[in-house]
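The two complexes that follow have chain A in common; it is paired with chain B in the first and with chain C in the second.
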Partner chain A sequence: MAMITKKKIGTVATWIMTFLLMIVICLPGLWVVLTGFRPNREILAKPAIWIPENLSLDNFAKIFGFGAEQIAIPVPAYFTNSLVIALTSTFIALLIGMSGGYAFARYRFKHKNGYFLGLMLSRTVPGIALSLPIFMVWSKLGLIDTKLGMIIIYVALNIPFTIWLIDGFFRQIPKEMSEAAQVDGCTRWQAFWQIEFPLAKSGVASAGIFAFLTSWNEYALASQLTRSTDSKTLPVGLMDFTAQFTIDWAGMSAMAVIIIVPALILTFLVQKHLIAGLTFGGVKG
Partner chain B sequence: MSSDHIQPRRKRSRDWTPALLLSPAFLVLIFVVLVPLLFSLYTSFTNYRLIRPETLYDWIGIRNYQRIFSDKHFWSAFGRTIVFLTIALNLEFILGLGIALLINRITWGQRTLRTIMMFPMMFSPILVGYQFKFIFNDNIGILNNALQDLGLSDGAIAWLVDKPLGMFTIIFAEVWMSTSVFAILLLAGLFAMPRDPLEAAKVDGCNPWQVFRHITLPFLMPFAFIAMTIRSLDVARAYDIVDVMTGGGPAGRTELLWTMIARVGYDNSRMGQANAMAYVSIMLSIAFTYYFFTKLIAARKYMGGAE
Partner chain C sequence: MADIQLNNVTKNYGKLEVVHGINLDIEHNEFVVLVGPSGCGKSTTLRMIAGLEEITGGEISIGGRVVNDLAPRKRDISMVFQNYALYPHMTVRENLGFGLKIAKQSKDIIEQRVNEAAAILSIEDLMDRTPAELSGGQRQRVAMGRAIVRHPQVFLFDEPLSNLDAKLRVQMRTEIKRLHQKVKTTIVYVTHDQVEAMTLADRIVVMKDGHIVQVGAPLDVFERPVDTFVASFIGSPPMNLIPGEIALQDGRLHVVFQAENTMPVPRDLADKVVEGQKVIFGFRADDMMPKAHSLPILGEAYDLRLAVDIAEPLGTETLLFSTFSGADIQTKMFNPRRVEPGEVMDFNCALDKTHLFDAQTGKSLRG
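Entry: the complex of A and B
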């Protein structure tokens, strides 16, 4: 009898804790999303208005340049830049990452751990520290404020982690499968594309989504190396809403929603493979 | 078991395939990371200022380093960064462990909870910063509004301006963003855990704490080190958060090494000195990553996973 009540209390406590945890995780984001649909005068009201009275798409129309009220921030251009830069750099990083990840997963060579550590260390350089010399080199090469300049940087940022993940996924595929295909007369190249790649496809896709998000979300480098609508990305554009003393909370929240939504959708798609890739890549050296 | 095993023809000469496969990765990294870093190492020994290009050849030896090492603002930013990282990483580990153990107990709706838990990981740091700048805003933030309407506080609490509170809000934002990395990986560890040792320990009369301390925790450590390594790759993400929330201010109260680099390099256009600071920050990051990576390798060996 006592055992049963004790167990029940435990279950209830678990659920209460979980509920509180979910509130802490979800509430800040949801509040910003809600704010994106509210007019500025309601946000700034004192005493606070807790239950939204006017919910509309006005803020979104405004930042995308539709409707009566317009603002001077070229959000559509930032959106295009973000998309072009993130997609291109992800595609290139995946090609390079697949070739590198395959090398780590399937071959034995001298100083393998050393090379791997070297790759990882290149990623540890803080963005802001890296931005100083890149700023100087890029201005010599004329790459400041260009999409190409940002794409090259993001490819480099994404390579180490892409290799880590893809290495983990290739390692889960038994070597014997491609060996058997090669005994049957395939070249190693054919065996890769016909046997190993289809099996690792979902893993490669999640590495790609992770790379996309890194480029989509990056701020430290982009904020110093982009200037105009030619290459400014959404995270950098978000800061356009803050003037010296005033902040357009409604517009900024609407823009935040635009940055969040792709990230959330992609998270749903990626989560399972991502966990598998990280643990396999990490634990089974 | 090497590739030579499969293709006996290549056995005669050394196999260049892995070198070929890895070359694009290393070429890009040499061009984007290594060469610029060598260049910045050079400029850290010059008096280079952005507005005066000819100063690039003005070699001043180690004077930049002497200057920053004798600057008390630099040391307080450095100390603050270390304290910030230590508190944040430890909190993230402890909270992540707690969350993983909690979610592991739940059977119904566990997948959904796990997905929700991953959301903060996918947020742009700049958004996390903005979100908490909004929530902690002294005038219109939800937190102060709630405190005032509930009658818990009369005036507006200056969360982002006050001396200890400013640091607290930044650590809060950082922990909110990154705890899920730990929670997710430790949960994966709990799933992978074999049942037999747990049962055996219970039969032998261990209490739950002893089981946790001597069986569960050692098994989870490699997973914690993966999370630590992933985190230390990207510790400087905190720059984005601080830049949005406080910009290092007011009066340098929330200044971290990274915001200081941006201010000296771009706002004051003292590139030489900023590069010297940047090198200190790079060494700090490398030290963190190297430490956790060697721990990870050791833990891997312990688990018998290594080749």
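Entry: the complex of A and C
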């Protein structure tokens, strides 16, 4: 009997600890989402109103320019910019990551380890440290405040990671698979698409989502290199809600929700692959 | 006709030459086994025939057509890999039909050929499983099925049994032999296991350090090894090899070993050696048997007495380990009885079946 009680207490304690930990992790996010649905006066009320009383979509209508109240922030343009920049840079980073990862996994060439180490070392440089040189080069090339400029930067930021991750996946696939396919009648290209690519799919998917999230959430470089609706992304756009004396918390939170939702949807969609991707190597093929 | 010719084929990796100008003619429907220790170039040779490795020099032709620059898919071959290389994301049926699908065969033909192959290998029950759901032996069968389904001119096997346990290996060995009898095709088979080579091959090709050392029917290679390498590599247990020197004793040439032990030179080799020549004397365990436990000896027999250190009973026979003039030797006892360690026994040696090799070159003196 005593044993069972002890075990029960242990279980309850574990749950309480988990709950507390989850609160610490989730509460800020939850608070942002809740704030996105609440009117400004309730958000700023003193003493604070902990349990929301009015929940509405007014803030979202407002930032997208519907409804009675309108604000002068071009959220739809920022949203489009973010989407175009993140998707394009992810697509390119994946293509290059796949080619590079395949080459590193399958071919022998001179200084291979050196190149690989170089790629990895480039990850150790904080992006913001590059902002001034990039600014100077980009201004000479006329790439400041263009989507292309941001796409190039994000592709460059993501490539080392996509190559590294995808390389690991191709390395796991015995090269005999491709050889068997070639003996079976495939060209090298067919062997890649029919056999090796399907087997490395989860690696490509995980690399894709990481690349997308990096580009989608990046703030530091974008804040330096974008100016207008031509290229400004959502995270940078968030700062538009701060004026000299006031901050529009409601609008800002609504926009934060807009930033979070596509990333969440994408993560859910490829979640299965993502888990396979993160635990690869643990399972014998 | 699917004969294969290798003419002076070489392979370099960078500056390192790993296959040194080998020549080999493989006949139509022949089962040829390339055998040798690891690193001897046998797998590289097979992969060059398959087109998976480029040829540095020389010429390979299959069915009279030079294939040096042809991609694997254009050589009309199929291959069974050591790790099977089944496509993990496809079912057994899809694995078998993959080659035909790529060749854009009609669905009816694919189904018919796949079922035919499945029947030959008795894997009809496994068709809807994925490779992960199969045992080692079943995977092996599927890999063979994938090879036969396209009716290629040539089958290539790259150590296909080395991942199986001992019992399954013996069983699959028989299956491969049966397959060759059912599906008459030229087969080139690579293994490091000389038992596989002996049991399967029409002809054995023994390789060492990128050279072909000997080519011949299994029994020829077993009975007439060209040098000490083949003598010790082919046959289990390996041939006993004891260094000695030729000397004239009692009017007959003898091999004199350490500690003054001697053995007469077999009569047919008497004119191949001269007094003072350093040689290596070789005999198989089966050719040195304790008296009263031996098989009938054809030709000249020679008696000697040996102390037995260790006896390994194998059931129908017992392997006896002794020391002879500083060399460890193995002999065989038929209709065995219990042998005590250290027991001294009288042996019969089938002298006409013994071998002499040149001590310097290692080459057989039978020529």
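Note that the second predicted complex is superposed on the first by the 255 of 285 C-alpha atoms of A that agree within 3 Å, B and C clash if a C-alpha of one lies under 4 Å from a C-alpha of the other, contacts with A are read in each partner's own complex, and residues count from 1 in each chain.
Simple rule for what comes next: contacts are C-beta pairs under 8 Å (C-beta built on N, C-alpha and C of every residue); 3 or more make two chains touch, one makes a residue touch a chain.
Just so we're clear, the structure is a prediction, and the values are computed from it rather than from any experiment.
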Inset, instruction - Name the contact category of A:G100: first (chain B only), second (chain C only), both, or neither. - result: first
Inset, instruction - Return first, second, both or neither, reflecting whether A:F268 touches chain B, chain C, both chains, or no partner chain. - result: first
Inset, instruction - With the two complexes superposed on chain A, say which partner A:L221 touches: chain B (first), chain C (second), both, or neither. - result: neither
Inset, instruction - Name the contact category of A:P198: first (chain B only), second (chain C only), both, or neither. - result: second
Legend entry - Which superposed partner A:L165 touches (first chain B, second chain C, both, neither): neither
Inset, instruction - Could you look at A:P174 and tell me whether it touches chain B, chain C, both or neither (first, second, both, neither)? - result: second
Inset, instruction - May I ask you to decide whether A:Q190 touches chain B, chain C, both, or neither, giving the answer as first, second, both or neither? - result: second
Inset, instruction - Name the contact category of A:Q182: first (chain B only), second (chain C only), both, or neither. - result: both
Inset, instruction - Please determine whether it is chain B or chain C that touches the greater number of chain A residues. - result: B
Legend entry - Shared chain A surface residues [contacts with chain B and with chain C]: 179, 182, 285
Legend entry - Residues of chain A that touch chain B when the two form their complex: 14-15, 17-18, 21-22, 24-26, 28-29, 31-32, 35, 43-44, 46-48, 50, 95-97, 99-100, 102-103, 106-109, 113, 115, 117, 119-130, 132-134, 136-137, 152-153, 155-156, 159-161, 163, 175, 179, 182, 188, 213, 216-220, 223-224, 235, 238-239, 249, 252-253, 256, 259-260, 263-264, 266-268, 271, 274-276, 278-279, 282-285
Inset, instruction - Going by the contact rule at the top, pick out the chain B residues touching chain A in the complex. - result: 1-3, 6-7, 15, 17-19, 21-22, 24-25, 28-29, 31-37, 39-40, 43, 99, 102-103, 105-106, 113-127, 130-132, 134-135, 139-140, 142, 145, 148-149, 176, 180, 184-185, 188-189, 192, 222-223, 225-226, 229-230, 232-237, 239-240, 243-244, 258-259, 261-262, 265-266, 271, 274-275, 278-279, 281-282, 285-286, 288-290, 293, 296-297, 300, 303, 305-307
Legend entry - chain A - residues contacting chain C, complex: 174, 176-177, 179-187, 190, 194-195, 198-199, 285
Inset, instruction - Spell out the residues on chain C that touch chain A in their complex, using ranges where they run on. - result: 50-52, 71-73, 77-79, 81-83, 85-89, 98-99, 102-103, 146, 150
